[in-house]
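See the structures that follow.
Heads up, the next two complexes both have subunit A, just with different partners, subunit B and then subunit C.
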Partner chain A sequence: MLTFGLLPVSDQVSVVGALLLPVLLAGLAVVAAVASTGFAAVAAGRRVTTIELVGPLREGLRLLLVRRRTTLHPDALLWRIGGATVFVSAVLALAVVPIGDRAVVPSAVGIVWFNAVEALLWAALWLTGWGANSATGLVGGYRFLALSLAYELPFMLVLITAGIRGASLDPVVVAQSQTGLWSVVLMPVAFVVYLVSAVAFSFWGPFSQPAAGDAAGGVLAELSGVDRLVVVLGRYGWLAASAAMSVPLFLGGGSGPVLPDLAWQLFKTLVVLLALVAARWRWPLVRAERFAEIAWLVLLPAVLLQALVVAVIVL
Partner chain B sequence: MGLTDGLRRFATARPHLLVVEGTASVRPRLAVERFAREQGWPLVDGPADADILVVAGRLEGPLPEYVDRLWEQLPGPRARVHLRGDDGSTRALLGARRILADIGYQRADIRRTTRRDADMGGMDMGGMDMGGMDMSGMTMEPADTPDPHAGRDMSGMTMEPADTPDPHAGHDMSGMTMEPADTPDPHAGHDMSGMDMPAGLAMAERAPDRDGLKLDVLTVPWGPVLTWWPAGLVVTTVLQGDVVQEARVEQLVDVDANRAEWREALADLEPAVAAAVVRLDALVRLLAVAGWDGARLQSQQVRDALLSSTGDVAVQLHRLSRKVLRSRTLRQMTTGVRTTREEDVAARYRRWLDEAVVAVDSGNLPATADEPHAVHLLPALLIGSDVAAARLIVATLELALSGADVRPVASV
Partner chain C sequence: MESVIGGVLGAVAVLAGATVFVVNSMARATYSLLVSFLAVAAMLVLLGSTYVGFLTVVMMTVEMAIMGVFMLMYMMNPAGLMPMSMRHNTRGALVLSVGTFLVLSVGVFAVPWPGRQGKPARDVTYDLGTALMGRHMLTMIVIGTALLATMVSGVMLTSARGRYDRYGDELDRRPPTDPVRGGVGR
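Entry: the complex of A and B
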């Protein structure tokens, strides 16, 4: 049963799991933020101490203390909806990621669902930029749309390639199909493009042009207080959700020696998350118009070829 | 109360700084940048994320009024410090942090703001002839309680005159033409009937763009307060999408005074080391605008080490140079973004780094000087580039624009 846009639920949704999902996502987001704080301290030549690493906690409290602000004649409703969607869509993405051997919302088309909620970010960031009624926000919004034109097609093909391996769009089945050989070995190009896309739709590091300082903060320019907190948390949340999803798709799910499946899954997730966060300190900003060239002329053909190779091997 | 106070102090332990550069801002700016890097206080891009407004140097001409308006845009809790010379910046910043956690002070600040807004809200605008008025210098800010009819009736809004455009408000209306509305607005109590102006703002006009499409035209000023931007520079751009169609440049600070200030800051250094410092300082801004925080911070470390003659600077400089010159991404993103002479942005940072390395290694002064009249070249360079490229181009002219192009005294 493959219906795009609907979520066919193959099993009972875990209510407790659904309630805990935002907490789990926020937890992973904080881990990402702590890692980022550590990298920042190293880059600035400071020692990495406990005081450095509680930075995200301090920042969170600070943003709760800072008052919200508004601009002249904002489209307030769309502005707030846009900001909230960044976080909410990350929670929805995590819902279909298998934890152990089942997702909180088990679905036969979990991979498509993941892709669909990721596409919500287009609207979310555009509205965040547009709603503030500020030119820099608008520039940030434009930049994200340009970026999405570059990463989205390769990303979709990558997800499909991962699905081909398990002959299913259910992440649980895809994870279980990788006995003996992890997909990352079979499809390294797809894995790399997955990571690149994850950094891109999380508008993070080299792909943070929509929120970059050269446009005075872009989509984030006018956000303060709790409004900013929600978007920033959502951004780390998307990094975390993408890292979590990469494990069943490419890294053999929870498989591994000695330790229980859940421990392996968490470990692999954290390793990928750390790599995604580190990208910010490793590379300069990649401008959307130049990345589009690379994405369409290099990444897209490479991923198509990868899909072909995987299909031939699997069939 | 002990717990609340403790949390408040914890939350404000590393305040975010927004730095405004006035005339002779070099030494205080370098001090703030160093302090911020060593203490982990973030430098932010705009007022929305700022806790402390740091004014470095003297404010002259239209700048004081501009900074007052910028101050209004900090959400609060907030504090403001003014730094001159190179002494006392640490004490001033720590003092400002104390004010952030001072609940009594912050409450008084809120009361002051709301009272002023209330006074302004009753302002009679009926007599104003908006049609004939030049609105280029005005920015309007909503009062605390948004008026649902704000689009029609402008009571409830405060209007503050601004002499200088504001990059963060994005509401500057200079250069916009107001179009007559088809149906006069029956609710307009004052003379606005000839215009279609939601919330008193003119709508963006449309014009054909380079691809033959009709696109919105927006006038957006950049500067004078923008992070990693030459002191006091204002570039008023006409944008379509994010492509610059027109650009007008002015400088609101005395560049000669800045040049003298640079001499002062570099007075204790060997001429060659001084030449390396100004190049690294410009590189810091270029790397920041290119969005590479890792290399930017590394560059700041080397610059600060050179300034205070500490550590094994040559090794650090070589490491930085290798890292930046090896980056294929940075090269790809900056190649072909033209700046003056025969150089593109990639060639410019490569030359700066090479000159800095040679200066520190062998004590030889750079043979070339950056273009002295950058400010006149700027508009022609910016037209046709997008915002990101425009920022890179401005960053490559940093030495001239900020007065850092001092020839060391020995060679004059």
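Entry: the complex of A and C
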């Protein structure tokens, strides 16, 4: 019997939940993709049409059906592992997010797990860039590592700050600790930095330099067919998983009037997800080397102060 | 069940570690080493030390991702795109590594391990910390901070560009000349 950190048997991994997780994540990813198409139309001043909104679904089907291109002497093994890890790590991240009052994989240190699978993106994106044996892909991979060096430390401190509130690294306990006052009120700086980091490790919008057009698509440049589908789904999936995790960490979990907990949780997740997706159509691209200075000189001290304030209040 | 999984993870860790010296690409060598570390992290989780296990995943993944960059940068061939081997001093290294492996393996079986007394600890991480550090916890925390400060100052001292390069001899050049402008407009 696997005990996963000496938890009682009733808290064991739910097998049905584990099988449904990828489906749930893919569903949220599709919502994000459709929303992005809608925001694109709005940003361009066009009317949003239904045909346009089903565009991502059609594109997904097309990617499933077309034969994938390949490059000269790719490192196919590392390439595929890298691409698959983008999606798989997003599923693993969602596994520790409490759905209702328990997560699919309950863990007393779920917040650290979330951080650990996020760190896998460092390897995943670089491998995706490297494997194609293409200069633009490799440029994208290196850009993601530069970006990671900027967002990772503030992000870790944000997770710790959220944990201080509940005196626990278990997202379920952290969510339950927010009776009366949501953490977002107590630690607004940490919440903002969390959202910024989420957009950054999903290499989305202002932080999409690893996949930007000036490098012909960077890490995504040589991906085609199902390989591309997996990485793009994983990218939207990471936006969704971070939105889902922000609910227990900052937005009081499933608490809310009238409606059941699950409904509130889904509602809050969708609101945060839409905000994250909208960031792409709201802010211009930030180069990694510029963001590095912002992260280290502004975000890091700000989050440290935030952690101090929260620690003093909680104690 | 747990011992079977543990055994498989152990085999993965050893074999992935050996693969580092079999593959002919720096990227594959770096990431097979990462697979080895991840297997060790999974073993820690299996032992009930989830916090240390997950932390190992964070540390090792980030470390290997950065190390891969340096491995490619300092290789004998440009951009690491040509095949190459990680093997040097083949015979000596083989003797040393096989010898170390044998000594450690014999040690596992030769040491008279104590039987379990009492119940498993509720907080494994806390108990592990106290067992390792004992009364010296505070000392080690202070030394840890001092080590970090040493690292930061070391990097600062070896940096090729100091404030005189940036702000000029009189330190009055605004904005400073930087090869790449930073994001906060200094």
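Note that the second predicted complex is superposed on the first by the 305 of 315 C-alpha atoms of A that agree within 3 Å, B and C clash if a C-alpha of one lies under 4 Å from a C-alpha of the other, contacts with A are read in each partner's own complex, and residues count from 1 in each chain.
Simple rule for what comes next: a contact is a pair of C-beta atoms (placed from the backbone, for glycine too) under 8 Å apart; a residue touches a chain by one contact, two chains touch by 3 or more.
All values derive from a computational prediction rather than experimental measurement.
Novice: Contact-wise, after the overlay, does A:102 reach subunit B, subunit C, both or neither (first, second, both, neither)?
Specialist: In the superposition, A:102 touches no partner, neither subunit B nor subunit C.
Novice: According to the stated criteria, A:78 is in contact with first (subunit B), second (subunit C), both, or neither; which is it?
Specialist: second
Novice: Quick check on the superposed pair: does A:292 touch subunit B, subunit C, both, or neither? Answer first, second, both or neither.
Specialist: Second partner only, subunit C.
Novice: Of the partners subunit B and subunit C, which touch A:58 in the superposed model: first, second, both, neither?
Specialist: A:58 sits against subunit B, while subunit C stays out of touch.
Novice: So, does A:116 touch the first partner subunit B, the second partner subunit C, both, or neither?
Specialist: A:116: touches subunit C, not subunit B.
Novice: Just to be sure I read the superposition right, which of the two partners does A:213 touch: subunit B = first, subunit C = second, or both, or neither?
Specialist: A:213 sits against subunit B, while subunit C stays out of touch.
Novice: By the touch definition above, which subunit A residues appear in both interfaces, subunit B in one complex and subunit C in the other?
Specialist: Looking at subunit A, the two contact sets intersect at 133, 138, 142, 286, 289-290.
Novice: Under the touch definition given earlier, write down the residues of subunit B that touch subunit A in their complex.
Specialist: 7-8, 10-14, 37-38, 40, 44-46, 48-49, 51, 73, 75-77, 139-142, 146, 150-151, 157, 167-171, 198-199, 201, 218, 220, 226-228, 239, 241-242, 287-295, 297-298, 300-301, 327, 329-330, 332-333, 386-388, 391-392
Novice: Which residues of subunit A touch subunit C in their complex?
Specialist: 1-6, 75, 77-78, 81, 107-109, 112-113, 115-117, 119-120, 122-123, 126-127, 130, 133, 138, 142, 145, 148-149, 152, 169, 286, 289-294, 297-298
Novice: Under the touch definition given earlier, write down the residues of subunit A that touch subunit B in their complex.
Specialist: 39-41, 43-46, 52, 55, 58, 61-62, 64-73, 76, 132-139, 142-143, 206, 208-209, 212-217, 220-225, 228, 280-287, 289-290
Novice: Under the definition above, what is the set of subunit C residues touching subunit A in their complex?
Specialist: 1-2, 5, 25, 27-28, 31, 34, 45-46, 48-51, 54-55, 57-58, 61-62, 64-66, 68-69, 79, 81, 120, 122, 124, 180-184, 186
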